[in-house]
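Next come two complexes, and both contain chain A; in the first it sits with chain B, in the second with chain C.
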Partner chain A sequence: MNRSPRALPGRRALLDRPAPPNRPAPPGPVGVLGALGVVWLVLPLIPLLLWGATDRWSLRAPLPQDWGTDGWEQALRDGALAAAGRSLLLGAAVAAIAVPLGLAAGRVLAWGLTGSPRRLLTILLAPLLLPPVGIAMGLDVVILRIGVPAPVAVTAVLVLFALPYTTAVAATGYTRVTPQWHDQARALGASPRQAHRWVVRPAMRRSLLLATGLAFLVGWSDYAVTLLLGGGRTLTLPILLGASAAGTGNENTTAALALMTVLLPATGLTLTLAIRRLAATLSLRHAGAT
Partner chain B sequence: MRAPTRPALRAAVPAAPAGPAVAVSLVVAGTGMGAVLLTSVGLLPLFGQPELTAAGWRQVAADLGPGVVESLRLALASTALAVVMGLLLALVLLDAAVLAPRRAALLRSALVAVLLVPHLVGASAMGLLLEDRGVAARTLGSGLGTGLGIGPGDWPALVAGDVPTAVVLTFAWKESAFIALVVVAALAPGHSARRDAARSLGAGTVAWWRWGVAPAALPSALAGGLVAMVFTLGNYEVAWLLGRAAPEPLPVLSVRLFRSLDLLDRPAAAAAVLTTAGLALTAVALTLLLLPRLVGPLLGDLHTSPAPRGRR
Partner chain C sequence: MSSLDLHQLVLRYPGGTAPALAGVDLSVASGELLAVIGPSGSGKSSLLRVAAGLTPLDAGRIVQDGVDVTGVPIERRAVTMLFQHPLLFDHLDVLDNVAFPLRAAGHRRRAARERAALHLARVGLSALARRRPDRLSGGQQQRVALARALAAARPVLLLDEPFSALDRETREQMHDLLADLRREDAPTVVLVTHDLDEAAGADRVAVLIDGVVVQVGTWQELRSRPATVGVARLLGGWTEVPGTVRDGVHHSTWGRVVIEPSCPITEGAAVLLCPTTHWRLTLAPTDAVLHAGPGLHLQGVMERLRIRDGRSLALVGADGTTVEVPLAAGESVPTGAAVALNAPLTRGWAVPTA
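Entry: the complex of A and B
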């Protein structure tokens, strides 16, 4: 029976009573709600999987009649590979700029190098309050007047929206890797550069990976900014997906494009994690052998 | 006089490494929003002479009211649902990490997967699920052999209907994963010990959630909800893809005017997008005024950094 704290017995009775076994315990409501939670999270993705493998599905049938890859073939004919390449470049450019900037700002925040951390954080987080379409609309007029190429402007806006994430991740990492790590390396004779390279940077590797992944995703998955500043000429994967999803009768192509948009970064993430795990295993073996 | 060297400059201004990030934020955001402001009052026309005028605001005035109402309707409904679902998912994940680590790993993977799905993909998937030709209509419409199928034309307008079901569900689905992970990050340290203490005091699961976890989780859940609501207010693609044609939420209205063939619609588009930004800023200011406890979860505790000021 569940009881509120007000109904709990007195302190002595509690101290005398043996503590109830905590582990293992039957999941109970945790198990049921956990299963419902997984359903809530996974259910909306099921149509992508079904439609992505469908050639023909009549309206009154509960499941597709013909399974196949028509949607994927149509997506490739629509230029999905070239669009994915452009998205990849955009994501990489955003990460290449936003990660070093975020790391530097995160270090200043976490190591207390500024007297007004809240002001700095407010400036860096402020873009999250602004509508991306607003900044894109404003910059559109400016880049037309001063002749900045659209991809440069798209990258600049997306860097702005990636910075809060890279800064927050870096700040969290640098809170763990305190300046004392650096100082101890210096005390052992390392130059500032060596201390950073051999002590701080390896300890920050996980944060660096996470920040890179998040910044890449900001560029990879953007739709509105690319649409407005690219003027429909910068055909990335989300732009193709948006055009397809707005139409009718092309559900399998839409599903294929959506799956490409999700699966390519997911594959990259899985490969990165696998390589890291392999490298860790090899380095452990090497340490054991020596 | 010799100019200061780079290391000397760094020593003199320890916060200098944050300079480039601050510069990017101020220059890009400032230029963008400044240009929008000037465009809205006619001072930065695409062609012709600048002229201070409120014509853009007048042109869009009739649509702004319904746009604000529609934007708030979508944002408030989806945020409320996202906070409830995010809180529940977080409570389950925190306890599952103690009771059933494998299930917790599955749930955590699902949360991270949803977080990584772009909003456009989420909206496309929700459309394929809920529209009148969608998977739900096909599956339930067939009756699954029970003879209780829903007839053609009887499927409710979940996409682009008067009740914005698909839009709200898409935002709530995406943001519930975000809020759950925010709450878990805030509560995970020491959760197992606190749970053991509560159980040794006789608290069951529901009492533990009600009295032990929910009060501690609420500030981070609401802070996550505020971030989600601001994002929802400024998002274009979900409402554009799944929302009804009229009235349009502000981002959809502004993008339609911006992409209009008539370039004279640009000031009206700028006025609409400025209203969107004003709405988001007002929502944040009001929420923080009413709930000042959210400032901590939003800005973190970086002011209590481990190193004394002025290091390196």
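Entry: the complex of A and C
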């Protein structure tokens, strides 16, 4: 086994079966559905884009009469940037807590590390089974009585709401990346730590990214829990948007806030995917096992 | 090259009623290929995992080249393992997969890849070095896994049914490849398999049943002299004739047969193992046919025809059991026909009743 490798005799030619080439497949039904999905997501944005670029648009006119940036200016004056910052912090905090917990729970479920997976699943899914507004109302009273700071309470509850998503995504990932991957890496000479760092973690990268995105969005886009538990003091972008939407005559401001709510995470997602693709290319260039 | 000795290995899984391994003793000589066969759930994969150091033992010792390695983690043993699935790391291309053990051993990337390329050439896949694992066929993936195991340059290879998911032709090609590698490197190989043809190609075969090694020997020894009814059932090709051994003769309702002196039973309840190929079938039997000649005789009814490996077998019901009888090419027996069976054994092989 320690000798220099040499080409072996034998029926090599027979062994070489043609393998599928490395070229993208033509768009199939999945591609068509994907395209429809994009249209479905983009269509509602069109009126928002129009309103956001409007200074005056009367009800009967098919198109705006005056184009302009009044809505955006008003949104900024209302504190949209600070609110976006708070939403960003909230989303990041929820992701920072819910993702590691979800990864651990997902691994326990996928690798069969618990004797009672149903019980764990029921506990994790419970927040999805009950309406969040009702829960938030109930918790509001409790939290007020025991004196938990509002941002902490909001984050904790949103973590509970994000956990089912992060767990499901992690469990799906760990179903593919079985403990045998870890064993195989060790059988090839990697220590348990190296096996995790070189094999399990890179293989779970996609799931990690998806879980982070979902958990972030739970925090970023939440309205009910933030409003009720935050007592109106935690002014995030959805709270600002809700307040603006409750009024009339400020449709362009509401549209600007709504666009910010949608476009900021979308931009973040696009950037993340671009960075990931670049990293994957670089890792292929660079990387043996590391 | 390296020898491997397993002493009284005991393994219990939490909640399990019986131990997965109940005192396994096994020695594999340096450069030997030992096949381990057994029914599903008999502990074959567990045996390989404890031998590798992936699963901790409850009791027993593992000695490699005279050194006790019990408790030494697999990455520090001179052992590598191939699983049923190739388990290629899909974030790495084929060449980086093969370079993985070299990188783990501390080689610099360029050196690891250069050496990996040589191992990839050995399995005939140089052209696919830059390909992603998910773009390979099952056979190609398993060959990359084999190249990767070779790159680990460890003298003991533990193979846990690595070819079982492949089609017959690809499996045979993998056997050829393994034979080539053995000629080149002479690694010590322990191969767990369900495939009896695969086991037949090994230097020796160990039969594991219910966590116990019940027989170890060459394929010919096992084939001709199974130590237990369980081994005979696993290998197939035997008719079990229950009876009693007295004074070196097996007595049953089907007749009397002198048993070989080396049988694992000399007195008491015993099963005579009659090779299926010894049975002769006669249609429309008469008394003269039914009681003619030495060996076993019985009358039965043709139940149905079965085709196995391209050969026709008549399944004959007799005395509450079913006897398989090979038919000659073109021979046919109508279902429901009364038939006489005769196995003219001059000497037989008997084992203790299970």
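Operating definition for what follows: the second predicted complex is superposed on the first by the 238 of 290 C-alpha atoms of A that agree within 3 Å, B and C clash if a C-alpha of one lies under 4 Å from a C-alpha of the other, contacts with A are read in each partner's own complex, and residues count from 1 in each chain.
The rule we apply is simple: a contact is a pair of C-beta atoms (placed from the backbone, for glycine too) under 8 Å apart; a residue touches a chain by one contact, two chains touch by 3 or more.
These numbers come from a predicted model, not from an experiment.
In the superposition on chain A, A:Leu271 makes contact with neither chain B nor chain C. By the touch criterion stated above, A:Leu81 is placed in contact with neither chain B nor chain C. Legend: residue contacts after superposition of the two complexes on their common chain; A:Leu241 is shown touching chain B, with no touch to chain C. Contact with neither chain B nor chain C is seen for A:Leu263 once the two complexes are overlaid on the shared chain. Once the two structures are overlaid, the count of chain A residues touched is higher for B than for its counterpart among chain B and chain C.
Residue contacts after overlaying the shared chain place A:Ala279 against neither chain B nor chain C. In the overlay built on the shared chain, the residue A:Gly138 is in contact with chain B alone; chain C does not reach it.
Of the two partner chains placed around the shared chain by superposition, chain C is the only one that A:Val199 touches, whereas chain B remains out of contact. Using the contact criterion defined above for the overlaid structures, shared-chain residue A:Val152 touches neither chain B nor chain C, since it reaches no partner. For the contact definition in use here, the residues of chain A common to its chain B contact set and its chain C contact set are 1-5, 8-9, 14, 19-20, 22, 180.
In the complex of the two chains, the chain B residues touching chain A come out as 14-15, 17-18, 20-22, 24-26, 28-29, 31-37, 39, 44, 46, 85, 88-89, 91-93, 95-96, 98-100, 103-104, 106-107, 110-111, 113-114, 116-129, 133-135, 138-139, 141-142, 144, 149, 152, 169-170, 173, 176-177, 195-196, 199-207, 210-211, 227, 230-231, 233-237, 241, 251, 254-255, 258-259, 266, 269-270, 273-274, 276-277, 280-281, 284, 298-300, 302-303, 305-312. Those residues of chain A whose C-beta lies close enough to touch chain C in the complex are 1-17, 19-22, 180-181, 183-192, 194, 198-199, 202-203, 205, 283-284, 286-290. Chain A meets chain B in the complex at residues 1-5, 8-9, 14, 19-20, 22-25, 27-31, 33-34, 37-38, 40-48, 50-51, 57, 59-63, 101-102, 104-105, 107-115, 117-118, 120-142, 144, 156-157, 159-160, 163, 167-168, 171, 175, 178-180, 182, 217, 220-221, 223-224, 227-228, 238, 241-242, 245-246, 248, 251, 254-255, 258, 261-262, 265-266, 269.
Considering their complex, residues 1, 52, 54, 73-75, 79-81, 83, 85, 87, 89-93, 96, 99-105, 109, 112-113, 115, 118-119, 121-125, 127-128, 131-132, 135-137, 139-140, 143, 148-150, 152-155, 157, 173, 176-177, 180-181, 184-185, 187 of chain C touch chain A.
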